[in-house]
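Below is a structure I'd like to ask you about.
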Amino acid sequence: MGKVFDEEIVTLKADFMKLGALVSEAIANAGQAFIDHDVAAAKTIITNDHEINHLQIHIEKRSFEMIALYQPVTGDLREVVGILKAVTDLERAGDHARNIARETVQIKGEPRISEVETIIATMARGVSEQYDDSMDSYGTADQAKAKETARTYDQKMDDLYNDIAAPSYQAMAKDPDIVNSAIIYLNVAKDLGRISDYSTNICEWTVYLATGKIIELN
Amino acid sequence: MSDPIITADNLDLYYGDFQALHGIHLDFEPHQISALIGPSGCGKSTFLRCLNRMNDMIDGVTITGMVKFHDQNIYSPQTNLVDLRKEIGMVFQQPNPFPFSVYDNITYGLRIAGVRDKQKLDEIVERSLKQAAVWDEVKDNLYDNALSFSGGQQQRICIARVLAVSPSVILMDEPTSALDPISSAKIENTLLELKKEYTIIIVTHNLQQASRISDKTAFFMEGRVVEYDDTSKMFVNPDNKQTEDYVSGRFG
Amino acid sequence: MQNQKLAKQLMKKSKTARYERFGHLLSLSALLLIMAIVLGIIVFVATKGLSTFFNDHISFKDFFTGTLWNPGTKTPSGHQAVGALPMIVGSFLVTILAAVVSTPFAIGTAVYMTEISPKRGAKILQPVTELLVGIPSVVYGFIGLSVVVPFVRNTFGGSGFGILSGTFVLFVMILPTIVSMTVDSLKSVPKYYRQASLALGATKWQTIWKVVLRAATPGILTAVVFGMARAFGEALAVQMVIGNAALMPHNLVSPASTLTSVLTAGMGNTVMGSLQNDALWSLALVLLVMSLFFNLLVHFIGRKGAFKK
Amino acid sequence: MRKRTVIKWITALVVVLAGIGAYSVRSKTATNQQSITAVGSTALQPLVEAASEEYSAEHSGIFINVQGGGSGTGLSQIESGAVQMGNSDLFAEEKAGINPKGLVDHKIAVVGVAPIVNDRVGIHNLTTRQLIAIFTGKITNWHQLGGKNLPITLINRSQGSGTRVTFEEYGLKGHESAVAQEQDSSGTVRQIVSSTPGAISYVSFGYVNQTVQPISLDGVAPTEKNVMDNKWKIWSYEHIYTRGEPKGLTKQFLNYLKNRHIQTTLFNKLGYISVKDMHYQRTWQGKISKGSGES
Amino acid sequence: MQKLDQQSDRFIYEFNPEETPITMQTKDLEIYYGKSLAMHNADIQFEKNTITALIGPSGSGKSTFLRSLNRMNDDVATVNGQILYQGVNINQPGIDVYEVRRRIGMVFQRPNPFAKSIYDNITFALQRRGVHSKKVLDEVVEKTLKQAAVWDQVKDSLNKSALSLSGGQAQRVCIARALAVKPDVLLLDEPASALDPVSTAQLEQTLRQLKKDYTIIIVTHNMQQAARLSDYTVFFNMGEAIEYNKTRKVFTRPKMKLTDDYVSGNFG
Amino acid sequence: MNRSQKQSRIAIAALRGIAGFVVLILAFLIGYIFITGLPNVSWHFLTTPAKAFTSGGGIGIQLFNSFYLLVLAMLISLPIALGASIYLNEYAKDNWFTGMIRTAIEILSSLPSVVVGLFGFLLFVVQFNYGFSIISGALTLTIFNLPLLTRNIEETLSGVSDDQRQGGLGLGLSKYETIIHIVVPAALPGIISGIILCSGRVFGEAAALIYTAGQSAPALNFGDWNPFNIDSPLSPLRPAETLAVHIWKINSEGIMPDLTKVSSGSAAVLVLAILIFNFSARYIGRKVFEKMTSI
């Protein structure tokens, strides 16, 4: 296939990486805003989510067109299919970052549990790192790094989730006033957990991109 | 996995001093469509023609190695060429019906084999035209000159002509390259039906075609088989870089 | 503005267009010239040939059914002795026999040249056939006289002069024409017909017989027509070996004559415009009509018997 | 590409010029009488041709074309005035379709015609009656005449040929030959007679050679001397006709032909008999009278 | 700027001539072979510096349409209606077809180099038009062969017979040959159908380059080729232009059911 | 080995037999001509003029005449045949009229050459007053030659792929330019074999020339190449007996003693000449083709 496909795939990948960067920013900022109780930053994230959605739709459309027009095979096929699949994960990860931003707005004025928030902060950083590593591995089609990332973070993030969930439930049982906050903590942890899952998915697509094999990494 | 019906073993072919095929080893399984792909001059057509000894006609061709058909080396001196070609039929690039009626075209192979029984001939004409999925289009014009039909119909008549002598293997040398997409699609559908009863080996330039219809694909380059595997693998995740470049169109 | 300029450029007759007009006219005039020649000859032969009937008042019946040829005199029964039947029959017989004999040989040779041994065919047979076309008919005639006639006399009896000798000589004379044209038509049969046939398990012979020859039939028929045309028009050689006697041929070894041989022999000894001369032109006219007939006949057979390529 | 166009035009030009040139030169030479043409009898052709060669050798720049075509052609061409001399084996009066008015006869030579047979026949002499019987198809085998048991093969010259007319008139006494094979040249006749057992035909004396057997008639041998004395009856004049009295080159050439020197040297070599040597003359109706008849 | 002709079930994209330079345009075109109507309803505009692909089943009239654009059909068909080339109707009496064909060049299905050297193949038409300066011809040869992306392969064998070239090279030499007479528009009639995939890819590459300087109209029966190569696609069926739109649209969201069926291979 | 294969072997053996038989016939013919003829061929024979009635004559002038006439006839007929076949194959629509023209041309080719000769005689020799001359002969040969040559060229032209024509038209060239500069060169090898075949016929033709180019070969002045002088070898107006006519003439009316020698020698020379002509035409054709295909 000619140069045009190659040019288009470069653009597509650039768009995808741009989307990755936007989502990465959203994840990082959402975690930070939650910890800092920064409503303004959270609102920015919510607004910016539109951009992510637009970009995702654009990338999907381009991918469909490329499949329709060029009928790629082998590496090209994996490139387009990988992006087409991973872009959903990115967008969803972005959605969860937006959810976290919403929780940041909701939790404003509620009582806090500082030890839980410390763990959330750890988890947010971890998830953000995991996401970034996943995207790095995708960007370089580095399946070793992808597997490594999945192995490193997956269990860790599950553990962190439990570390957040347990004190939150305990707090809820003890103090009815804290229920709202605790639920929000649980939601945030869940969002972070999902982002971690999507990152793992991205790692799986990295493996597909590199080898054409579809595997489960967790 | 069943036993291969045709096996090429260490097959070399020379045009004079020029070696066109280098130690080809390929197995073809029954009731499958195997596609041979590769750039022009890679030897895929030459190889195909080795399988029913159509290269024998060309001056200065030397062939070494073996082609086994049901465990029998077709290059052994005992081989009866005429019988061999009845077992291993061939369809060519250009639709090439003889300039006779459709009926005469289909019955040609039978008549030269001495079949005279009109009723039997009629049956076979109907059967093979139906198998080649062209019966409905020609049944009312069986006695018209085959050349008066469209290219796609002509090619299917040619397929029917091969089917009429009941071969077990059909070799096809770019059977759709002279046809428009609709006719090609019809031929492809025909082939997918035929593979239930026949073994089909097809040379094609059209990579999408290979990917659409074949079970196995062999990629030839410079007289060698670079890669031979399941088509699904060849088009998603080939082992060889050259194969990948070729099937993705980045070649040359 | 721009458009008008362009329109002007496009409307201007270019040099190329003038070339085309010139070339068209040039080739048309060449064809018209040939047509004029053909028509001229046909009209010429027709007027001369018909004047036997219209100026000299010979009846068609005497001409076509009479068997005595001595224009200017009367037959014992009182008719004009202008019976052309012996020559017509002689011409027919010798042409058809020559065509019948040489066609299988020519086809066999052509098949050999194209299908069996193309290399040897191109190297030896083709130049030789082309060479034979150029041997003057007088030479053929003399070889016929010194080789064929004694051979026929010793083998089949009679004087040796007759239709059989004429056939043998014409056979050799028209062979090159038929061979080279048959070779052309065999070569124009696409290679893939042969491949398809072989791939269906046909033997080489079956392929040649059932596919190649069948597909080449129109071309072969044309070749035969041209061969017959040459046989028809041949005079000097035939005249020497056929005996050239205006007798109804009773068998193949008794002297007979053809239209051309009588025509050629008599032309110089008659005076333009005399009955003797007009009668000869009538023979030429008959020849013309007969070759037209053969032409149409073979084209008709060709169209019926074969398919469009 | 351009070069070829130029070449093509040059070729076309050359052809056109050659055509025009040819026409103009033609008319010029025709009026200057630098070249004259004699057409007709193939029997007379070698003689006139040989004479013209000698004449041209003696007179440079003179061109005498001698063409065959047969007596009929010669007469009709001279009648239409297309040529200067028309050669004929026959009197113009004898030829159907010719108006002899205005044609001037120049009798150049006398030619004797002899019956010839294949030398395996074994017969050297025939009577006139036997000859007539043979040629009218009444006798069909040589053993009927005391020769070998060989069927007789008749070979005639073409109808209208001067030799045949002469032979039928004086050899067969006016009987017409039966329909048999015909040849339109003496050479071919001789060749066929020499190679066909039992063949009989007739040629002018010039063509008789060792390959065929000449026949004496009624004991008279076909010799020039017998012709001069009219003992051998089968002979005829060779005529050159002109349209009106000859002028210029034509006249000079005709005189040259009639010149004693030519008539004695060339004629003998070619088997013609000089008119001057004849002791008898004959009119076109066949009347014989004494005298050479030379004009 | 678009019209959806509900009655005839056709969708034809239209340009705004104010904004978009249009090189060629057909209006009310009707093409007859003898008495039979082979082509009608094809009012198409061709934008400058684009590639337009004409697709459709065999006998749909796409080649007929293409050939009438530079009047190559003159001898075999009767063409009614207007064919506008830069606003001038070239389908009218008095038009010099040779000048039209010079400006609207054509490349054919099978590579058809003349039995001449490569150099002469390219310069032949110019020489016939009276250009004989060696310098000018040399320049043209180099320029067009470079444009056709075949210069590097043939520059050392310009004097060799063009018949010795491979199919792909020969086809690009044919393109160079067409470019040598400085056309505006390039018509291509299935130019890659006789070529293998590698040569086809190279040819497509060449065409993409050429689009900068020419308006290219290509008939192809390879839909992938139309898809990956062209900017606009016209879908013909039964002698009618059914849909004319941007290629991306035609191949992802065709407006017509018929087009949809055809490009997705569910046709016939 | 089954039945059909046996049948095939037998049939192919039979074909080989037929081809072998034909080769034998041909070999016999050529061998006969050469064996009887070549011993009589010498340099002297090839260069001296013919003698009418003495031995020792050659065929120098006849040989020259044959070639000159052939070249002239081809120069005239080739452009006409080319033009006509171009019109028939490229311009003419395929209808009954074209069919009629083709049939007429085919019929013309079956006319006995003597009829063509007489036509030429009446038209060129008499009507145009070219006399018995090379130009009359060449024009008559043109008539004789045109049908076959036209048909041959037309056949070859129709064998050139339409792609080539479209290529030319697509470049904005006229049909005519395309034909002349592309189609004709592409058809050149075929045209050349057509010319060779026709040349063979022309070379061996006698009957058409007897009445047009004449049967005499007057001595030529080989020092004078001005075509307007009548004794120049190039003069189109001189009578010119060709080799084939010479063979015919000496066999039918020749009276020289060494007739058979001259005749068989001439035949051998004729065949040799055709041989040389064939090879050189092929060679030149190949060279021209190479030149045109790669400069």
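Order as written gives the chain letters A, B, C, D, E and F; numbering starts at 1 within each chain.
Operating definition for what follows: a residue touches a chain if its C-beta (ideal position, glycine included) is under 8 Å from a C-beta of that chain, and two chains touch if they have at least 3 such contacts.
Composition by chain, UniProt nomenclature: A = Phosphate-specific transport system accessory protein PhoU; B = Phosphate-transporting ATPase; C = Phosphate transport system permease protein; D = Phosphate-binding protein; E = Phosphate ABC transporter ATPase; F = Phosphate transport system permease protein PstA.
These numbers come from a predicted model, not from an experiment.
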**Report entry** Number of steps on the shortest touching-chain route linking subunit C and subunit F
**Finding:** 1
Report summary line: In contact with subunit A as well as subunit C, sorted by label, we have B, E
Query raised in the report: Among the chains, which one keeps its Cα centre farthest from the Cα centre of subunit A?
Result: D
Report task. Quick one: report the Å distance separating subunit B from subunit F, using the average Cα coordinate of each chain. Result -> 50
Query raised in the report: CA centre of subunit A versus CA centre of subunit F: separation in Å?
Result: 91
**Report entry** Length of the line joining the C-alpha centres of subunit C and subunit D, rounded to whole Å
**Finding:** 34
Query raised in the report: At which residue positions does subunit A touch at least two other chains?
Result: 1-2, 5, 71
Query raised in the report: Considering subunit B alone, which of its residues make contact with at least two other chains?
Result: 82, 112-113, 207-208, 249
Query raised in the report: By residue number and range, which residues of subunit E touch two or more other chains?
Result: 98-100, 124, 128, 201, 224
Query raised in the report: What residues on subunit E touch subunit F, complex-wise?
Result: 70, 72, 98-103, 105-108, 110, 112-117, 119-120, 124-125, 128, 159-161, 163, 174, 177-178, 181
Query raised in the report: What residues on subunit B touch subunit F, complex-wise?
Result: 80, 82, 112-114
Report task. Quick one: which bits of subunit D touch subunit F in the complex? Just the residue numbers, please. Result -> 1, 11-12, 15, 18-19, 21-23, 25-27, 29-30, 34-35, 37, 39, 42-43, 45-46, 49-50, 52-53, 56, 61, 63-69, 73, 77, 80, 82, 184-188, 191, 206-207, 269-271
Report task. Give every residue of subunit F touching subunit B within the complex, in rising order. Result -> 1-5
Report summary line: Counting only contacts in the complex, subunit F reaches subunit D at residues 52-54, 75-76, 79, 125-126, 128-133, 135, 181, 210-211, 214-216, 218-219, 227-228, 230-231, 235-239, 249-255, 259
